[in-house]
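Presented sequentially are two complexes of subunit A, the first with subunit B as partner and the second with subunit C.
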Partner chain A sequence: MSVGDRFPKIDGVAKADGSGIYADDISFPRMLHAKLLRSPHAHARIRGIDVSEALKLPGVIAALTGDELPLKYGVIPWTQDEQALATEKVRFVGDEVACIAALDERTAEDALKLIRVEYEVLPAVLSPEEALAHPEIKVNEKAKVGNITKHVNLQFGDVDRAVAGAAAIAHETYAYAGSTHAPIEPHCAVARVDADGNLTIWSSTQIPHYLHRELSRVLGLSPAKVRVIQPLLGGAFGGKSDPFSLEFCVAKLALKTGRPVKILFTREEVFYAHRGRHPMKMDVTVALESDGRIAAVDNKILIDGGAYASFGMITAYYAGQLLTGPYRFGTYRFDSYRMYTNKPPCGPKRGHGSVQPRFAFEVALDEAAEKLGLDPIEVRRRNFIGEEVDTVNGQRITSNGFLKCLDLVEQASGWRERRGKLGPGRGLGVAGSMYISGTAYPVYPNEMPQSGVLVKLDRSGRVAIFSGASDIGQGINTLLCQIAAQELGCDPRHVTVVAADTDLTPVDLGAYSSRVTFMVGLAAQEACEKLAAKLQAAGGATFAEACQKAEAIEGAPLAASGGYRTQKLGGGYRGGTIGASPAYSFTAHVAEVSVDEETGIWKVERIWAAHDCGKALNPTLVEGQIEGSVYMGAAEAQMEEMVYNEKGLLFGPSLLDYRIPTSMDTPDLQAMIVESNDPNGPYGAKEAGEGPLHAAIPAIANALYDACGIRIRELPFYPQRVLKLLRERGRKEEERVA
Partner chain B sequence: MQLLHLFVNGEEHAVAAPGQRTLLEALRYDLMLTGSKQGCDKGDCGACTVLVRPRGDSGFRGEPILACITLAADAQDLEITTIEGLAGPLGLDPIQRAFADCGALQCGFCQPGMMLSARALLDKCDKPTLPQIQEALSGNLCRCTGYTKIYEAVEVAAGLRTPSSRAPVQSERAAASDSKAQTVTEIVP
Partner chain C sequence: MMTLPPLEVLRPGSVAEAVEALRAHPGARVLAGGTDLVPNLKYGMYDTRHLVALRGLSKELRYVREEGGLRLGALCTIDQLAENDLLKARTPALAEACGQIAGPQLRRMGTLGGNLCLDTRCVYINQSYFWRSALGFCLKKDGTLCHVVAGGKRCVAAASNDTAPALLALDAGVRLVSPRGERVVPLREFYLPDGLHNTVLQPDELLVEVRIPPAAFGKKQAFMKLRTRAAIDFPALNLAVALETEGAVVKSISLAVGALAARPVLIKGIDDLVGRPADARFAEELGRRAQKQCRPLTNISVDPDWRRDLLPVLVRRLVLRALA
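Entry: the complex of A and B
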């Protein structure tokens, strides 16, 4: 069992028998439970906070307010605008204001009601349009101009001329609703301080290294005295890739009280922590030449960011930079504004920044192709960008299996025989996409490797791998065992993985941007190759014997390290490195939908998803990533939306009111793996965890058009929206007949 | 505080707890059975699912209930099976083995509840159809898998199929459809 095999996950049994330890399963003697007081206002100045009554409640041990944690933090060093607890202003309903530690959770919760906060309520801006129109209402002082987190305007080639000379143009506006990750595990953090003042934090984070840096800076502790450990993680999807208030609060309270402290978010609080999909309004033009080639793409994007920056600077770039494949664009322009608003902060949800424009573009491409009488799959084939090629914005594409993906979904769905022939109310739609396998540059610039892996061999034949990477369910720890087995010839079941512990493991930047398999995989391969050479030179009948002989020759324990070093990639312009990746994955989906034209109620019957992951290091895990991505994309198309009232209050922050699909709502998912064997990836591998989400949404929209002739341009595709479009279509038909 | 008698995984426990103690809190905090997960604490997600049957009943382990919205005091007359009690003296339950083998476990957080719901289904119906599986698991939200590999695991546990083994498809090197060179001209930086 090695690379390419369906090796069962090494933590599978611990997850199956209930013995796996997640953050909330950790507890210590004398541990306190803390709770956060949150703002009831979307925007208000804090005139005073009085915790004295709360402190008198029996069982309350300590209170914490923002003046004790004054330093601002944030995952991107240039936009650090968050405070663990607000001091001057609150910026959304749910913003953290104060924290109470008590002997138990209920006492802490009761004590929150005794805290007096005096607010001066300020006018709030709740939409990006309002945020642009009212620069005088400053949501976040970090914005240099008005309420703009980031404005990006890039043009490649003469777009206006290309549009003017085009044979077919689709120009429409699209609206993408905000959605959230909703991992089943709520955020949780536990802190403990030893007698020497060393702080350890166990947290449900997907960025232990960035959290380590920020904790040390905000707490004013040497990083050598802070240890971050990520236990098993119960789902993340990008929702745990920022440092969060609870992590600073448990740390500070543990330092203050000398006792272990835990905070477990309620489900409601998970919705306020958010960092989910940015709502976007997009004004998209797709212009085709007479043979169907893409002459120009033009996109004006208005992004609703919420109250803090999070990864928002990157979002403003990704919204444009990641659209330029798998098709060749003749010319391209995008102009994106990421705005601060008085709502929970948006951030990186699976397919960060690029899911929304991909939806708009793939629908517009179908619409333009129809004007030329071109089949939707055919127009995508004709625009295939190829391999070993630069995109219009200067990103280097290495391997590209997109054509094979298209072939597979075309065959599997019976596209040629079935499309347009399924009868009224039933249709097929196609879409394609691409995504990064990690970003070329780290979040903070430095010359050190992005990923590191240490491998140690024992004379017993046991292999220990020390890896900084976060296994968030995607299975990187299992892949590490497979890579060790491949390179060293050991039994993958004889490998121990020590992961995501900043005291013990080398740095990995985190589980985001689909970087882990690619970068950590290469680092592990490098480390194992060094050891394999020593084992081969030593000889030996068994693996254990080879370890013993090699150790005798070495005269010291056998260990080696490997790293992933950042490559210089990307376009030579400001922002050209954002979206530059060492390899891109490609994906094509066909969706089949059925629509009841009387009611607008519709259903995704099935989605065929073919994904080029370069090389499937473990096909079972890759299929799981494809299926999970397609599910999540289909969910955004069907039902998911963060809805706020006119005061900025989130409607129904629960898993009942914020609807996510059950087994009864999820379409039949057919995942197909395509291997293009990337020249740079570990064993040819590229990403699989985010790319396959993108195409699901436009494929569904395009299938709805095939089914009943409506172009839906606003998410989610609620039945009432479908019905409204069906009625408009009916009226137009009547007018035409009349 | 009241004294509660809970029968969990074949063992009797006496627990002193406040009246509002939920079964999930009693399992996780008093008995340290942390395999039952708290995902929402209001009966929406199913991660806290445990199996219960009247005391003294033999045979199957009973019906799935949500421990987070059940008072511990109301569970005293029941025999409770948590994920820690699903494996038997012969090792893992076939459901657990199949979930691990099929890749049905990604983050794993919803799965204790999911596996117990699946066990309750197979106890009642040893050869379920896909719609029966979907219905039986509809109270357990999973955010990772799209449920596909979970269905597969239940079918494997029921002996209806073997784990997926479809081979990846190789893509050949392919040139661009359009031979026109890609030009990069930045006008507005």
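Entry: the complex of A and C
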């Protein structure tokens, strides 16, 4: 069982039988439970906070307000605009204002009602259009101009000329609704201070290293006094990749009281923490030459960011930078604004920044191709960008299995035989996409490796791997066992992985941008190769014997380290490194839908998804990632949306009202793996966790068109929207007949 | 996580003890399966300090008996009824309704009595205390405004129980017991158009049994539920029909629709359709009549205009399925 095998997840049984330890399973004697007071207003100035009555409630031990944690933080060093607890202003309904620690949760909750906050309510902006129109209503003082978090305007080639000379043009506006990650585990953090004043935080985070840095800075403690440990995670999907208020509050309260402190978010609070998919309005033009080649793509993007920056600066880039494959663009321009609004902050959700423009583009491509009478798969083939090429915006594509992906979904779906012959209300649609395997842009500029792995061999034949990476379900800890087995020849079940503990493990930057398997995999491979050489030199009949001989030769315990060093990549222009990746994954989907034309109710019957992951280090895990991604994409197409009332209050912050599909609503999924063996990846591997989400949504939209002749340009594809479009189509047909 | 308010749980061993406990503790809430009560308690929707738990009555009130018509104990679980062969044969509309409630785990816990007495639901009320405070509260609890009907003085939170339309269409009755004795109320008189308290149930009264008349057995019947997901969701609309036919002609019609406002609606003024051929035209006409009497509201998060648009289609399909 080594690389390429279907080795079972090492934490699978513990997660399934309940014995696994998540943050909320961690408990200490004398531990306090804390609760956060949140703003009922979308935008207000704080005139005063009085916690004196709350402190009088029996069982309340401590109160915390923002003046005790004044420093601002944020995952991106250039846009640090968040405070653990607000001192001057609140910026969305749910923004944190004060925190109470008590003997139990109910007492803390009761105490919140005794806190008096005097607010001066301010006008709020609830849409990016309002945010642009009203720069005088300043949502977030971090914005240099009006309410703009980030504006990016990049052009590659003469787009206007290419559009003017094109044979077919599709130009429409698209709207992508905001959605959230909905991990089954709510955010949870536990803090404890030992007798020497060392602070340990167990947190459901996917960025232990950044959290470690920010905790140390905001708390004013030496990094050597702060330890962050990430226990098992019950889903993250990007929703746990910022430092959050609860982590600072438990830490401060533990320092203040000398007692362990825990905060477990309610489901409602997870919705306020958010960092989900940004709503985007997109004005897209796709222009084709007469032979179907893409002459130009032009996209104006307005992004609804919510009250804080989070990764928003990157979002404004990703919305444009990640569209330039798997097709060759003749010319390209994008102009994106990420706006502050008085709503929970958006951030990186699986497929960060690029899912929305991908939807718009893949639908527009179909529309333009139809004008030329081109088959949707054929137009995608004709525009294939190839391998070892640069994109129009200067990104280097190495391996590229996109054509193979198209072939597979074409065959598996019976595209040629079945398309157009499925009868009324049933159709097939195709879409493709590309995604990064990590980025050449470390979140804070530095020359140190992005990932590090230490491997130690024991004379008993045991291997210990120390890895800073966050296993958020993608299975990196399992892959580390397989890599050790591959390189060292040991039994993968004899490998112990010590992970994501800032005292014990080398730094890894975190589980985001689909970087972990790629970068940590390379680091582990490097470390293991060093040890393998020593074992080979030592000889020995068994692995344990080889370890003993090698240790005898070494005269010291056997250990080695490996790292992933950031490559210089990307275009030589401002922002050119953002979206530049050492390798890109590729995906093609065909979706089959059925539509009840009388009600607008429709169903995804099946999705065939082929994904080029370079090399499947563990095919079972890759298939799981493909299926999970496709599910999540289909969910956004079907039903997911964050809806607010006129005061900025989020409707139904619960898993009953914010609906995610049940198993009954999930289409049949067929995951297919394509291996293009990337020259840069570990054993040829590229990412598999985010890419396969993108194509699901436009494939479904294109299938709806094939099924019943409607072009749906707004998510989610609610049945009432489908019905409205069906009626419009009917009216147009009647007019034509008349 | 969300916490429960402090509660004293009373555990009566009989119906008599249960209604005595209700009498002795005004405002007490009845706990059967708890699938709806417990989340509502966590949301701070009730000021009660006492729960009357009915687990001790489950032997007494968990029966399905054929006695004249059907008699169903109020503590029959939803999954028990969904799987019951007698119900499937005699009252398939009720069995279907039960099968479409929530999901398997909740059907195992939830009870028939609990579903019939389900508190009305609204997007503005089944939320946390914090959320409702940010909203400015509403008519149903802690406030004076209705956020569904501008200027509304009566709560229009939606009857969201799936068994109610089925049992209304089957002309069922419910047996209610209090310390003063018992009474049998036809279901058509059980519900009130008031979202604060949408039944005639007195504070010390317990619904102990559902009675379905034998006339229901011969009727052509069907149940249908509109919801976003194929499981879990409360209804965006639910409908049940029971028809008697003689030859090819309609002899009697009973059509009930739920998930509108506080009371599930029995469609009225359709007696003139009796004597019509039981065909697609009849089904269409019934759909048109139903649409005129039903006004979906924003109390449920699924687009009310679309739900209204769909009503005639759903009624037609429901009727044709019953006739098939």
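Just so we're on the same page, the second predicted complex is superposed on the first by the 738 of 738 C-alpha atoms of A that agree within 3 Å, B and C clash if a C-alpha of one lies under 4 Å from a C-alpha of the other, contacts with A are read in each partner's own complex, and residues count from 1 in each chain.
To be clear about the criterion, contacts are C-beta pairs under 8 Å (C-beta built on N, C-alpha and C of every residue); 3 or more make two chains touch, one makes a residue touch a chain.
Only a predicted model underlies this, so the values are computations on that prediction, with no experimental measurement involved.
Of the two partner chains, both subunit B and subunit C are touched by A:Thr266. Applying the stated contact rule after C-alpha superposition, one finds that A:Ser676 touches subunit B and leaves subunit C untouched.
Applying the stated contact rule after C-alpha superposition, one finds that A:Phe651 touches subunit C and leaves subunit B untouched.
Of the two partner chains, neither subunit B nor subunit C is touched by A:Leu374.
More residues of subunit A are in touch with B than with the other of subunit B and subunit C.
Shared-chain residue A:Thr599: touches subunit C; no touch with subunit B.
In the superposition on chain A, contact is made by A:Arg659 with subunit C only, not with subunit B.
Overlap of the subunit B and subunit C contact sets on subunit A: residues 186, 264, 266-267, 654, 656, 662-664. For subunit A in complex with subunit B, the touching residues are 6, 8-9, 11-22, 24-25, 153-158, 181-186, 232-237, 264, 266-267, 293, 328, 330, 333, 381-387, 389-394, 400-401, 403-405, 408, 472-475, 571, 573-574, 610, 612, 615-616, 619-624, 627-628, 630-632, 654-656, 660, 662-664, 666, 669, 671-677.
By the touch criterion stated above, subunit C contacts subunit A in their complex at residues 1-6, 103, 123, 126-128, 130-131, 133-135, 228-234, 301, 303, 305-306, 309-310, 313-314. Subunit A makes touch with subunit C in their complex at residues 38, 40-41, 93, 105-106, 109, 186, 264, 266-268, 598-600, 639, 643, 645, 647, 649, 651-654, 656-657, 659, 661-665, 718-720, 723.
Listing the residues of subunit B that touch subunit A in their complex gives 28, 33-42, 44-45, 47, 82-84, 86-87, 92, 96-97, 99-103, 105-112, 115, 133-135, 137-151, 163-178, 180, 182-189.
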